[in-house]
Amino acid sequence: MEKREVIKVTGLPIVAGFRWSVGKMMEKFIKSFADKKIIAAKCPKCGYTYVPPRSRCGKCYTKIEEKNLVELSGKGTLTGYTTAYVELDGKGIFLDLDNPKVIGAIKLDDSDSTIFMPLGEIDQKNVKEGIKVKVVWKEETKGEIADILYFKPAR
Amino acid sequence: MEEKQIKYKTEETIATEGEWPVGDYKYKAWKHHEEFKEGLKEKKIVGSICSGCGRVYVPPAYICGRCFRWMEERTIVSDRGIITSFVLSNPMKKGMKILGMDPVDMGIVADGEVLIPCMVKFDGSDSFVQTILLNVDPKDAKVGMRVQVVWAKEPKGQLSDIEGVEPIK
Amino acid sequence: MMRRNVAIIGCGQTKHGRLRNVNTAEMISEAAWNAMEDAKVTPDEVEAIVVGNMQGFGGIYDTELWAGELFGAPKPFLRITTGGTTGGSVAHGGYYSVASGLHDVVLAVAWEKHSDSKERGATTGLAHVAMANMFHDLQQGASLKWLVSLVTGAAIGVSAFQASCYMYRSGCKVEHLDMVAAKDRRNAAKNEYAHLRWPNCTPEDIAKTEWVSYPLRFGHVCPASDGASAVVFAEEKIAKKKAERPAWIKSVAAYADEPNWLGENSQGTAITDLSEQLECIISAKEAYRRAGIKDPRKEIDMAEIYQPFPHQELMFSERLDLFDDGKAWIALEEGQTEIDGSMPLDPSGGVISTNAIGSSAMQRVLECALQIMGKAGKHQVPKDVKNAVAHGWGGSVNFTTVAVLGDSPRR
Amino acid sequence: MQRKIAIVGYAQTHHEADPPNTREGMVFEVAKGALDKAGITREAIDTVINVSSDYQDGRTISNLFLVMAEGAYLKDESKVEMDGAFGVLYAMMRILSGTHDTAMVVGVTQGSIFSPHQISFYTLDPTFDRQIGLLNDVAAAAIQARMYKNKYDVSDEQIAMVSVKNLVNATSNPYAHRRIPKPTVKKVLNSKLYCDPIRELNISPISDGACALILASEEKAKEITDAPVWVKGVGNCQDSYLRDRNLLKLESLETAAKKAYKMAGVKDPPTELDVAEVTERFSHEELMIYEALGLCREGKGKILIETGVTERKGQTPVNPSGGALGADPVLATGLVRIVEAAKQIRGEAGKYQIQGVRQALAHGQTGLCAQSNIVFILGGER
């Protein structure tokens, strides 16, 4: 046998499905979308404010409890962004987007985390670091992550 | 009985969902099974033999990790051997779903049939091959039993040419 | 060269079961914090963290990248994963991190969250071990009957075949498997962290359960648990300062065998007895040699064996040289392996009662440490534990981890 | 360190997009190659560390079927599921502990069987960011690149120059994957735009490849070879999650490098390091790596690339092999960096040999925007 030949093996259309329990803090966070509210967890010791909220401060290791949850205004500052011309198809292939998507890195007022959210109602030329943005909700919110449509420039 | 068992459980919070398309990987393999299947077409069981230790691997393997070398030579082993291990399935029932299929409805197994997946070591090989023990009452299945291959009537050169094994009369 | 002594100075775990009120990150950090608190160390004192789980089950890749900050990041992280032995390998990684002299205090955390999978018992995750092989075989014209027999007959994978091999080799009967399962479920009832607890369980109770596939019954099978476990390792000076009675790691070993059940893409292997477990025999020998244990049957006081199925407790106790080959069932009949016996096996209830896969082999190490430290609570064995052996098993019946723990440092 | 440790053998595959080779074949090739290079047999190896990933390989317990091919049959074996350079760290720990004297590290990835970009998506917080569905390694890197550009006034051309340097270097490396004729800034800036400002030639290619190396304790190393490459320092660190870390800096890399420098006694990296092999999955990342490694001050990475300091003929050549932009067999990439650094020290780098290398740095990384980093300092002299 001179040459070791190789064949390709194709699979069956099997998908592994997951449903990740989100925990109490995240549950509050997501459910409060129903009332068009964004909540964050403020460390009782160092004051670092996490959005989405969580149960332990990564900066000073203090336990954060539900009483440490604070409500944010839904306004924030754009600290970074990119325009995505491609998108993963879920199976590993980058597909071209007919309408490029603008992804913003946003620091919400009174919080310290950066969240990565879609930007809308914005001309690509006007996207700049430092501009103020605010959340745009679905008209009818149900208390799920999809309630947030995107962020748009705030006047 | 069930109520005596304590299983720990918490209350539920909501969940988010996601997927992993495990069927979308494009794996690569040697043509070792092609060699094996060539043999099956002629009712022969092909293995690879290590030039270092003389071990015979069935189906053919390409690397002997013991001697750390390629195995280039092939050999034919007997289609008779011994059962090294077996298990008994529960009786197959109409309406049961296996990987989304109803095997009774599809005629793959008979209603009430007990499948006996087994491991067979063919004479002259150092491997066991996983197959099905046929033509035997499940009560009589035993490790150490002598068996022979039940060949398909017209072998086509595919893995299913070995339908299973049966006791040597 | 001078070898550094390393001890476990703190243990932590979550309760095991269906944990749906926390997310994975919170679950891991709970165990990590419990361990740090037990060891009386702060995250600032922890110099590095070793983590591991079996990634296919929870659907998250390198979970610590997201979760790490809840229990210590920024910090050096090392992810070690080896299938069923993952927890053992993570513990070994924690040991080596300190023994190497690179770090003085190291946290090791292992976990699994099966309930995050949509399939019962995380079947896709398990099937995924051999999925590439299965796809390959189907492409090569394997029959549907063969596939059905594989999926139904060997529903619990290779373990049922292994039980068949072992019963032939040792002459033990299904009744002995019932006895092991009943003993372990009773032991688990004493362990508040265990998943499946069954006080006063009898072999007859187990015998009433349905077959999964002969020779294994539902009463023999481990649950798919959510949970995490963690231990803190420290070098000698710190260990003596922080812990009253540290559990010293005398040795670790983790030898690999040829995959016992087919090779890559179903190539043949040169193995015909699934109950031989050569890698376990060698791991144990090496571990005892490194630990300076000459006669394990006299020097080892108890063992925590990785036994998702009951025949494995018997089989591995033999491979660990605690009993003669094929004779463990006699010791079982004599009650030697009971919690108050001469060689208690799995006083915690073992994997058969609690199986958060990535964490299970870590749990064996943790449970041995608890026994040595005298912190096992209701399942503390009623004798002085001087040396204990923690075992992990996995892969395709070809990986074993062994750790020997003791009440004094290695000399 | 408690013991001295040396690299005594290594091998890598030709890294390609979709070569006709199996995972097993690649692993066997490099494991055997490394043993042959060291002039020893499998029997001389005490412990084997596999580096592969269940998600990347599409096989839960990815090391399970590789035991025989990697020479781990009846050896003390384990697997590190991070970049290969972390595997080397674990192998070192095993030798340093005194339990073992020789170790083989084998890393493998087949990017062709499933996209590493898709897998990067699976590292996101599943309760939030994965649900938003926008981020992946490329998008996250694009946001980082944009922030970095704006903060330090770095141009697309300067970032493209990193690609050009590494791709030019890759053309003389027979093992490299991406070998395009005469790479230019224009070619880079005209390549397909993925996420602004990141284009195709700013991203490392998806490669199939494997790499193995053998480590030995001082005593064993001296028996095996006359040209040991000593591991003089190592350091690693993992940053916080994307939401709560400073994306403008590679802080964990800085921590890792400082630790490695301290161990190796490196006080002034730019003058004391003769060459560096780093894992730059994106071209802007290399500029940030310069800064984190202390080759220049914060925000000044662009000056190093503009003035040619990191070119092959420069004062501190970086990635003379072509780096990750030249070939990126994901989990093997950091191992390849270590091997390339060792080759420079032994004078075995052929067409891309840097003259007089006595001390070299190698870097590996795991996670979005280089979240977890590891740095090795290697040296030829005692």
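Each chain gets a letter, A, B, C and D, in the order it is written, and its residues are counted from 1.
The criterion applied here is as follows: a contact is a pair of C-beta atoms (placed from the backbone, for glycine too) under 8 Å apart; a residue touches a chain by one contact, two chains touch by 3 or more.
Predicted, not measured: the structure shown is a model, and the values here were computed from it.
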A-D against A-C, pair bridged by the larger set of C-beta contacts: A-D
Greatest separation from subunit D - chain, by CA centre: B
Distance between chain centroids, defined by C-alpha means - subunit A, subunit D (Å): 30
Distance between the centres, which are taken as Cα means, of subunit C and subunit A, whole angstrom: 37
Rounded Å distance between subunit B and subunit D, as computed from the means of their C-alpha atoms: 41
Where subunit A and subunit B are represented by their mean Cα positions, the distance between them in whole Å: 46
Sequence positions of subunit B contacting 2 or more other chains: 12-13, 15-16, 18, 20, 22-30, 34, 62, 64-66
Multi-chain contact residues (two or more partners), subunit A: 4-6, 9-12, 14, 16-24, 26, 58, 90-92, 145
Residues of subunit C engaged with two or more neighbouring chains: 19-25, 56, 59-60, 69, 73, 116, 124-125, 128, 131-132, 135-136, 258, 263-265
Touch-based graph of the chains, sorted into line, ring, star, complete or other: complete
Of all residues in subunit D, those that touch subunit C in their complex: 1-3, 22-24, 48, 53-55, 58-61, 63-69, 72-82, 86, 89-90, 92-94, 96-99, 119-120, 122-127, 234-241, 244-245, 251-252, 255-256, 366-368, 371-372
Residues of subunit B defined as touching subunit C within the complex: 1, 4-13, 15, 18, 20, 22-23, 25, 27, 29-30, 32-34, 37, 47-48, 55-62, 64-66, 84-90, 92, 98-99, 101, 103, 106, 108-109, 115-117, 119, 121, 125-132, 143-144, 156-160, 163
Touching residues (chain side subunit C, partner subunit B) in the complex: 15-22, 56, 59, 116, 124, 128, 131-132, 135-137, 140-154, 160-165, 167-168, 185, 189, 194-201, 205, 208, 210-211, 213-216, 223, 258, 261-274
Contact footprint of subunit C on subunit A as seen in their complex: 9-12, 14, 16-24, 26, 54-56, 58, 61
For the subunit B and subunit D complex, residues of the former touching the latter: 16, 18, 20, 22, 24-30, 62-66, 68
